[in-house]
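In the part that follows, the structures are each spelled out as C-alpha cells.
One chain, subunit A, appears in both complexes that follow, with subunit B as partner in the first and subunit C in the second.
== the complex of A and B ==
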C-alpha cells in the first residue's frame, strides 16, 4: 500500500503541479502584501496617526454611516460594528501589524475559493488523466485490486492537499514576515462571537493567542480543501475529460460564493455543499448566509457530501469497464 | 525502489497532514465540544493607554451629523475634509478623526459621547469641530409645515438642554481644546414658509451662540450668512445638505479661525 501511495506521489511530482501552485501563491501574495501596505499608508495619510484605537473608532463610525444605505448588508454591518466596539471596549487591537495578522486575514479570505482552486489543480485529473493517456490499463493489469489502486490515489490526494496548505502557510509567512515583521504571534484574538438573527451574542467570547487561532484556521482550511478535493476526485472518475471536471467544479465553487450572498430566503440551500464552505466565518463571528447555520451543521453537511462522493467514486471505479 | 525525494515528500506530507488534523481537532474541541481551552477575558493592562501624543501634531476631532460626515459633497470630504486640506496646505501636521454620523441629533450625540473611546479621542484633541442641530430643528423637512411658535420653542428647549450636556461632556474630558460649533443655515429659504423659517433659524442660532459664549474656548461659527444668497447654488440636489461649494465656504471660515488661533497662541 505504501508503495502504491509513493508511486502516486512520484506521478504527481512528475507533473510539477506543486511548482505551479507555489508560483501562483507567491504572485498573489506579493500583490496582497503590497496592497495591504498601501492601504496602511493611505489610512495614515487620512487619519494622521498610527494609533489603532483612532483607526478602529473611525472604522466604526464609517460603518455606522453606511448602515442606513446598506440594504441587505445591514445585519452584517451591525454585527461588525458591535464586534469592533467590543474589541475597542476591551482594549484589544484586532489587527496588530505583523506577519501573523496578515496570515490570519489571508487564510480567512482564501479558504472559500482560492485554496479549493489550488487543490482542484491537483485533484481534477488524478484519474481522468490516466484514462486519457491510456496509462490506466497498465495500472489495472497489475495484480492489485482496483479498490487499493483508487485508495492509494485518494491518500496521495489527501497528502497533496496537506502539502498545498503547508506551502500556502509557509510562503505567506515568509513573504509577510519580510513585509510586516515577525511580531504578534501571541497577540490576543477575540473569538467565540456567535450571531443569530442579526444579533451578536457575546456570551461565549474569549481570548485566544493568535498562533492558536491560526492553527485552528488552517485546520478548517484543510478540511474545506479536502472536501473540495474529494468532490473533484469523484468528477475526475465520472468524467473523461479533465477540462469538463474542472469546469463543473469551478461552476460549483463560484455559484457557492454567489449563493452565500443571496440565499438567505431560500432555506433548503443550506444543504448545498458550496454554501457551507465559509467555516471560518463561524470562528470569526460574522453572520452565516442562512439563519440557523452553525459550525457543527456546516461541518456535518460537508462530511456527508464527502462521504457520498467517496462512495460514488469507489463503486463507479470498481464497476466501470475500462477500454 | 522510490527515490529519496519522493520518500521524503511523502513523510513530510504525512506530518503536515497530522498537523492540520490536529488544528481541525482543536477547533472542534474548542467550538463544538465542552469547555474552550483558554481563559476568559481579563482586561489587558499590558498596553498602558498613552496620553502623551507627539505634541507637534494638531489633533482634530470632528463630531456631529451628516454635515460633518460630508453628505452632499461629491468627493465625500465635507467641510471637515476641506478644513484638513487647507490646514495641510498651510504646512500643518494634523491628525483627524471624523466621528460624524448621518442623521445624528443632539440627544444621540450626547449618547455617543459616553462611549469610552470617543471620550478618549476627545480628551486628546486640540481642536473639536461640531455640527449639530440641523436634524433637531428641521426634522427632515417636517418643520417646514409647522412653524408655529409653540412647537419651535419645544424643539429649541430640548436642543439647548442637550447642547449644554454635550459641551459639559467635552469639558469633562478636555478643558484645553477649542470647540468650534458651526451654526445652522436655512436650506428652505426659497420655499413657501422660507421667510418664517429663516427667522426661526436666526433665533435658534442666537440662542446657541449665547450658550457657547459662556465658555471662552468655545467658538460659535455662523454659516447662516454663507447660504443667505444663491442658496440653491450652494446646496446639493436634496435641497438640504451643502454641495462642495457650500462645504468649501464653511471650511474656509473654520480653517481661518483655527490657523488664526494657532498663530496667536505661539509665543
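== the complex of A and C ==
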C-alpha cells in the first residue's frame, strides 16, 4: 500500500503540480503583502497617526456612516461594529502589525476559494488524467485490486492537500516575516463571537493567543480543502475530462460564494456543501449565511458530503467498465 | 499445471440492448501464439478488455492458469501481462521510472528483473530519458518490457504492430515467436491484418460481429481459402476444361479463378496443355482478408 501511495506521489511530482502551486502562492503573496503595506501607508496619511485605537475608532465611524445605505449588508456591518467596539473597550488591538496578523488575514480570506482552487489543481485529474492518457488500462490490469488502487490515490490526495496547506503556511510566513517582521505571535485575539438574528452574542467570547488562533484556522482550512478535494476526486472519476470536472467544481465553489450572500431566507440551502465552506467566519464571528448555522452544523454537513462522495467514488470506480 | 493457460467459456457482453459479444469460447495452450483476427468493430478489443479485467462480462467465465478472474482477480492477474491498444505510459516519467512504477505493483519484482526485461527488449540506452521523447517503436518495446515484468504465463497484445515501421514489425514478430518458443509463453495477438497473423501465429480465431466464426490452424485456414488465377489462351476453351475439373470461383474477360489444391493443380495444367490451351500465367493467390471474410461471414466487409 505504501508503495502504491509512493507511486501516486511520484506521478504528481512528475507532473510538477506542487511547483505550479508554489509559484501561484508566491505570486499572490507578493501582491497581497505589497497591497497591505500600501494600505498601511495610506491610513497613516489619512489619520496621521499609527495608534491603532484612533484607526479602529475611525473604522467604526466609517461603518456607521455606511450603515444607512448598506441594504442587505446591514446586519453584517452591525456585527462588525459591535465587534470592533468590543476590541476597543477591552483595549485589544485586532490587527497587531506583523507576520502572524498578515497570515491570519490571508488564511481567513483564502480558505473558502483560493485554497480549494489550489487543491483542485491536484484533485481534479488524479483519476481522469489516467483515463485520458490511457494509463488506466495498465494500472487496472496489475495484480492489485481496484479498491487498493483508488485508496492509494485518495491517500495521496490527502497527503497532497496537507503539502499544499504546509506550502501555503510556510511561504506566507516567509514572505510576510520579511515584509512586516516576525512579532506578534502571542498577541491576544478574541474568538467565540456568535451572532443570532443580527445580534452579537459575546457570552462565549474568550481571549486566545494569535498563534493558537492561526493553528485553529489552518486546521479548518485543511478540512475545507480535504472536503473540496474529495468532491473533486469524485468528479475526476465520474467525468472523463479534467476540464469538465474543474469547471463543475469551480461553478460549485463560486455559486457557494454568491449563494452565501443571498440565501438568508432559503432555509434548506444550508444543507448544500458550498454554503457551508465559510468555516472561518464562525471563528472570526461574522454572521452566518443562514440564521442558525453553527460551526458544528457546517462541519457535520461537510463531513456527510465528503462521506457520500467517497462512497460514490469507490462504488463507481470498482464497477466501471473501462473502454 | 495443465497445458491450458487461458480458457474462455461462453463469454457474453450485453450493453443496453445490444449484444456486443456472443458466446465466445476458446482455449489457449502453453507456448502457442494465438491470433485474434477480425475487422474493426468485430469485438476484438472488447473481448481483450474482458480478458484482462477492464470490462466485466455479462456472463461466461475466463480462467487464467486455472484461476477465475472474476473470483481471484489479483491471483489471476499475476499470470498475465498485457498491452491493450497503444502502449500508453507516463510521458512525464523516465522509462525506468515507468517500469519501477509498475514493478512495485507486482510483489517480488526486483531491480535485477527490471534490468533483465530492459535487456530483453533492448532498451538499455534510453531508460533514463523521459518517455515523451521516445518514438512509437520504443514505447511499444517499453510496453512489452512492462508486460513481461511479472514473468507472465499469458501475454495479451492488442494490435502489437500498429503504427510500427516495416523493420519494427519484423522485429516484433520474431520477438513474439521467441517468447512463445523459447520462453514457453502463451501469446494472444489481435489484428485486423491477415498477413500479420499468418506470419506470427500458430492458430487463429476469426471474429466477426462478436462471434467466433472459425478457429483453426493458420495452414488449414489458408490452404482452404487459397486461389489460383489462370490466364489462358484461348480463354473460352480453357474455362470449359477447368469447369469440368474443379469449381470456378470467379471469372472475368481475361482470367479464371479456381481454388488452389496443391496435389491437383499439376494435373489440371497438363489437361489444358494437352487440349492445346496456352497457359500464360498461373498465379497463386493467398486469400485477402476481404475474400476470407466475405466467404466466412457471408457478406460483411472490412472497413
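Note that in this section the second predicted complex is superposed on the first by the 323 of 323 C-alpha atoms of A that agree within 3 Å, B and C clash if a C-alpha of one lies under 4 Å from a C-alpha of the other, contacts with A are read in each partner's own complex, and residues count from 1 in each chain.
Quick note on the criterion: a contact is a pair of C-beta atoms (placed from the backbone, for glycine too) under 8 Å apart; a residue touches a chain by one contact, two chains touch by 3 or more.
Quick caveat, the model's predicted, so the values are computed rather than measured.
K.L.:
Output check: A:250 vs subunit B and subunit C. Expected answer is one of first, second, both, neither. What do you get?
P.N.:
Neither: A:250 stays clear of subunit B and subunit C.
K.L.:
With the two structures laid over each other on chain A, which partner does A:223 touch: subunit B (first), subunit C (second), both, or neither?
P.N.:
A:223: touches subunit B, not subunit C.
K.L.:
Once chain A of both complexes is superposed, is A:296 in touch with subunit B (first), subunit C (second), both, or neither?
P.N.:
first
K.L.:
Quick check on the superposed pair: does A:7 touch subunit B, subunit C, both, or neither? Answer first, second, both or neither.
P.N.:
Touch partners of A:7: subunit B and subunit C.
K.L.:
Let me test your reading of the model: by the given contact rule, A:68 touches which partner, first (subunit B), second (subunit C), both or neither?
P.N.:
A:68 sits against subunit B, while subunit C stays out of touch.
K.L.:
Go through the superposed model and pick first if A:135 touches only subunit B, second if only subunit C, both, or neither.
P.N.:
In the superposition, A:135 contacts subunit C only.
K.L.:
Could you say whether A:165 touches subunit B, subunit C, both of them, or neither, answering first, second, both or neither?
P.N.:
first
K.L.:
State whether A:53 touches subunit B only (first), subunit C only (second), both chains, or neither.
P.N.:
The first partner, subunit B, only.
K.L.:
On subunit A, which partner's contacts cover more residues, subunit B's or subunit C's?
P.N.:
Between subunit B and subunit C, B touches the greater number of residues in subunit A.
K.L.:
Can you list the residues of subunit A that meet both subunit B and subunit C?
P.N.:
Shared contact residues on subunit A (touching subunit B in one complex, subunit C in the other): 3, 6-7, 10.
K.L.:
Looking at the complex, which residues from subunit C come into contact with subunit A?
P.N.:
49, 52-56, 73-75, 77-78, 80, 82, 84-86, 88-93, 97, 101-102, 104-107, 146, 150
K.L.:
What residues on subunit B touch subunit A, complex-wise?
P.N.:
Residues of subunit B touching subunit A: 1-3, 5-7, 9-10, 12-14, 16-17, 19-28, 30-32, 36-44, 47, 49, 53, 57, 59, 69, 93-103, 115-118, 120-121.
K.L.:
Sort out for me which residues of subunit A touch subunit C in the complex.
P.N.:
3-4, 6-7, 10-11, 14-16, 133-135, 137-145, 319, 321-323
K.L.:
Please give the residue numbers of subunit A that touch subunit B in the complex, ascending.
P.N.:
Answer in residue numbers: 3, 5-7, 9-10, 13, 46-49, 51, 53-54, 56-58, 61, 64-65, 68, 85, 88-92, 158-163, 165-166, 188, 190, 192, 204-209, 212, 215-223, 282-283, 295-296, 299.
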